[in-house]
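Got some structures for you, see below.
Consider the two complexes below, in which subunit A is the common component and subunit B and subunit C are the respective partners.
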Partner chain A sequence: MTGSLPTRLRDGELAVDTRGLTKRFGDQVALNDVTLQVPTGAVYLLVGPNGAGKSTTLKVLLDLVRAETGTAEVFGLNTRERAPEVRANVGYVPERPDWGYGWMRVGRLLEHHALYYPTWDASYAARLAQKFELRTDRKMGVLSKGQARRVHLTMALAHRPPLLLLDEPTDGLDPFMRDETLGVLADHLAESPTTVVLSTHHVEEVEGLADHIGVLRNGELRAQMSRDDLNVNLRRYRVEVPDGWSGVASLNGTVLRRLTAPREVQWTVWGPEAEIVQKLSGAGGTVREVVPLSLIDATLALLNPND
Partner chain B sequence: MIFFICVLILFSALIIGNTIHGVQTHPPGHWRTGFTYGAPVAIPIFLMALLIPFGVWRAEDPSRRAYHWSMPVARGPHTIAKVFAGWVWLMIAAAVYLAFVIALAMIVPKITGEAVRLGDTAGWEWIVAFTAPTLGYLLTSIAVIGSDHAWRWIGGLYVGYWVLIGCLSAFGMQDMGQAVRTITDGAYGLNAAMIGSARDAASASSGHMTVRALSMSNWLIAMPLWILGSAIGVTIASFRHRE
Partner chain C sequence: MLISLDPQDTRPIYIQIVDEVRRALVLGTLAPDGPLPSVRDLAVKLRVNPNTVSQAYRELERQGMVYVRRGQGTYASPGQGDGVERRALAEGVAQRALHDARRNGLSADELIDAIRNYEGKHKHEESL
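What follows is the complex of A and B.
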């Protein structure tokens, strides 16, 4: 049960603001009434299982996919009506590795890409190419997935866009290059004021970067919140309980997970800690431990709610 | 481009080899090819031009919404610019093809002892080497840009056209069949636009279609009409993907 999980952020300036996006591919619902809110300057982690709608959401923002209903705005620009302007403000790393011209050499593709972006920083592009160990004389079509991903990252970052849409940016990279990439991304965020929407399965890698999280499942945005909210409101409670304990009915709607051992129950609960401790104690349980969750544990709890 | 030139070299080698073989195996002065350039020689480059849009839009067709479509520019003009860029390359290929054919038309008569006949080629037929591929390129571009299933459209139209003519003929509606057939073979049909050839309408009515001599006057009207129509089709297809 996740009925009380937040699906709206508090008021503030939004870089990305979608309202009620719905998209179907045939019978399959890719997005169902998705209202994504990404504050300006945030690093927003979009998580969800395969097919949850993460890539489709990013494509809607670039007008690569059009939602049947709903609207999307990037920096206040409607993504359908002012798509070229939106795309000029976005650095995009797609999930697919064959993005770009397979017959073109890497160096030529970077030059070609630069022509489209007046803000292209050639010296920064050269620095990125060096960091990512790009071989500019190789054709795009012969690159491995990881090599192609590094080219895409260079293309996305080098024009210093105010918004980055990164779809599995570290997918296919070896551990060393993954670490290097995250370092480059952190440096980039420190140098350039950027909002990031990041979709990845490697949640543990972005623990130190992400400050907002959105959870998509089956095309529905189940929850979105800031990391501060997450840290404050999502806790694991280890509770010693008497024999034949019947549980706490008043916690319904906030419990994400429950693990039961003899005379002990672990609850992962969304809500104010003091209130929950009071309810658990009032019901006869003895709260032994309350711990905040790591981002990966929180993600798992939010993705697989069961009580 | 390298592949294209290799094919041309191979093609030339075959023609020259066959000519030498013919000269060696026939009595002197009895082997004639009459090989020269004329409008019908543009047909291979026209056929090649039909395939070029698939290369230009490889992995970039509308359904994939790939790199081309994610650029920060208006999609309609951007698409037309890409079609134009592909056309420029096609014209270079047509010029290379024409140069090879001219070279062959000068080399082959030297082997057989014939006179070089390039001077017999009418002025407008030289232009056909560029207009015919342009037409083929634009026609296929409409399907590739406008549809997610270009092969189905092209194949469907081709098969449907001949099936329709066959059915009309089978049901004794020859007149209607001939009327439909003017799309390709009429005075201002596709063949006339391509190389200036049309079927003889008088002989068609007797059931024996014969190719009429190449006609500059037919070509001069049909070619701009077809190219203009195709260009309009490309423009409509390009702006189908507007923002």
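What follows is the complex of A and C.
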């Protein structure tokens, strides 16, 4: 790889701002120098393989996990020193539902949760419960993963917090409920100004909602950028080359992937399109196609560069 | 007017929405002074960020295809179904066809010839 991928956003008001978060569990590095920047009002998609550090990052923001070094701020509040205030401003859907309230009925849990949030909107909670087909008479402990997820989504959304931290929010939901959940989120964003950090394996599901993306791997935030930036700078180039082609010295960009066949090469490159096309043509290649990538393809290229 | 997105289309979503509205204007499924769906309704229907729909509507307004009545909503500008919008739509189709031709190593002339040939041969088969 030559060049590098963007790891800092351009100036702008940040709802979430972490600096150099590092965390180890035993000899396992969970987070390594993570500087997460989520602009106010953004829907920020946090992607990465299992164990990349997505859940840990979200937990640091709620002070459920403490980093060894680095700082984290949510709306300018230090998450360690002002944890109760931070939590009051956050709706959180954990990856693993907390079974501590297993004996409690869903309806009772919602009432209990409402007491902690002065901004709890009871009529909205009722509408969400209906949308999510919650059975309020059931005990939490007997719910399936998907049912519990829907209870947590209701709890997270109904107090209309300025920040939502959603850890795999559609995990365990059937396709119908997944789709319904995306509709609920779109509606929620239209109704209440909200910043969202969403971690998921189902990138294609949230393609329409996300306007920023961060790529975590082995505890490192490899890249973060706006979708606009991604749309402009990440391209796949398909190029016809002469027999015995000697290649191109530099592409003025970061080569993420290269596929070579006789007389044809395909590059996935982060960089300015016009300059890259010029370099390829100048080196004797015929550029046949330049295409932007779907979000899922872009994610895979950023996560698994194989130059 | 129906607005739908093609999951295979990698262009930004706001541009796809702009094109869908343009298409509806040219086809007449969105009548002059006809209402567009609210930002909220369209965002929910398409499962997209409401900001993206707002961005599309702002772009449509900038291009004069729609106008906003404060507090009421967004409406199609009259007299948009012909001329300029038709040409813009044709340009988009041409751009995609030419892109596909180049990818296959064909020139614009070869593409145009092929279209005329094909049309001549299939004139009686297709009503379009």
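The rule we apply is simple: the second predicted complex is superposed on the first by the 299 of 307 C-alpha atoms of A that agree within 3 Å, B and C clash if a C-alpha of one lies under 4 Å from a C-alpha of the other, contacts with A are read in each partner's own complex, and residues count from 1 in each chain.
We take it that a residue touches a chain if its C-beta (ideal position, glycine included) is under 8 Å from a C-beta of that chain, and two chains touch if they have at least 3 such contacts.
Owing to the predicted nature of the structure, the values given are computational and were not obtained by experimental measurement.
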After the match on subunit A, would you call subunit B and subunit C a fit or a clash?
fit
On the A-aligned overlay, A:80 touches which partner chain: subunit B = first, subunit C = second, or both, or neither?
first
Which partner does A:88 contact after superposing on A: first (subunit B), second (subunit C), both, neither?
first
Which partner does A:235 reach: the first (subunit B), the second (subunit C), both, or neither?
neither
Quick check on the superposed pair: does A:101 touch subunit B, subunit C, both, or neither? Answer first, second, both or neither.
first
I'd like to know which partner A:116 touches here: subunit B for first, subunit C for second, both or neither.
first
Is A:63 in contact with subunit B, with subunit C, with both, or with neither (first, second, both, neither)?
first
Between subunit B and subunit C, whom does A:149 touch in the aligned arrangement: first, second, both, or neither?
neither
What is the contact status of A:23 with respect to subunit B (first) and subunit C (second): first, second, both, or neither?
neither
Considering only C-alpha atoms, give the closest distance between subunit B and subunit C in the superposition, rounded to the nearest Å.
28
For subunit A, what residues appear in both contact lists, the one with subunit B and the one with subunit C?
none
Which residues of subunit A touch subunit B once you look at their complex with the stated criterion?
59, 62-65, 80-85, 87-88, 92, 94, 96, 98-102, 116-117
Tell me, which parts of subunit A touch subunit C in their complex?
41, 43, 179, 182-183, 186-187, 189-191, 204, 207-211, 227-228, 231, 238, 240, 288-289, 291-294
Taking the complex as given, what residues does subunit C use to touch subunit A?
5, 7-8, 10-13, 39-40, 43-52, 99, 102-103, 105
As the complex stands, subunit B meets subunit A at residues 58-59, 65-67, 69-75, 243
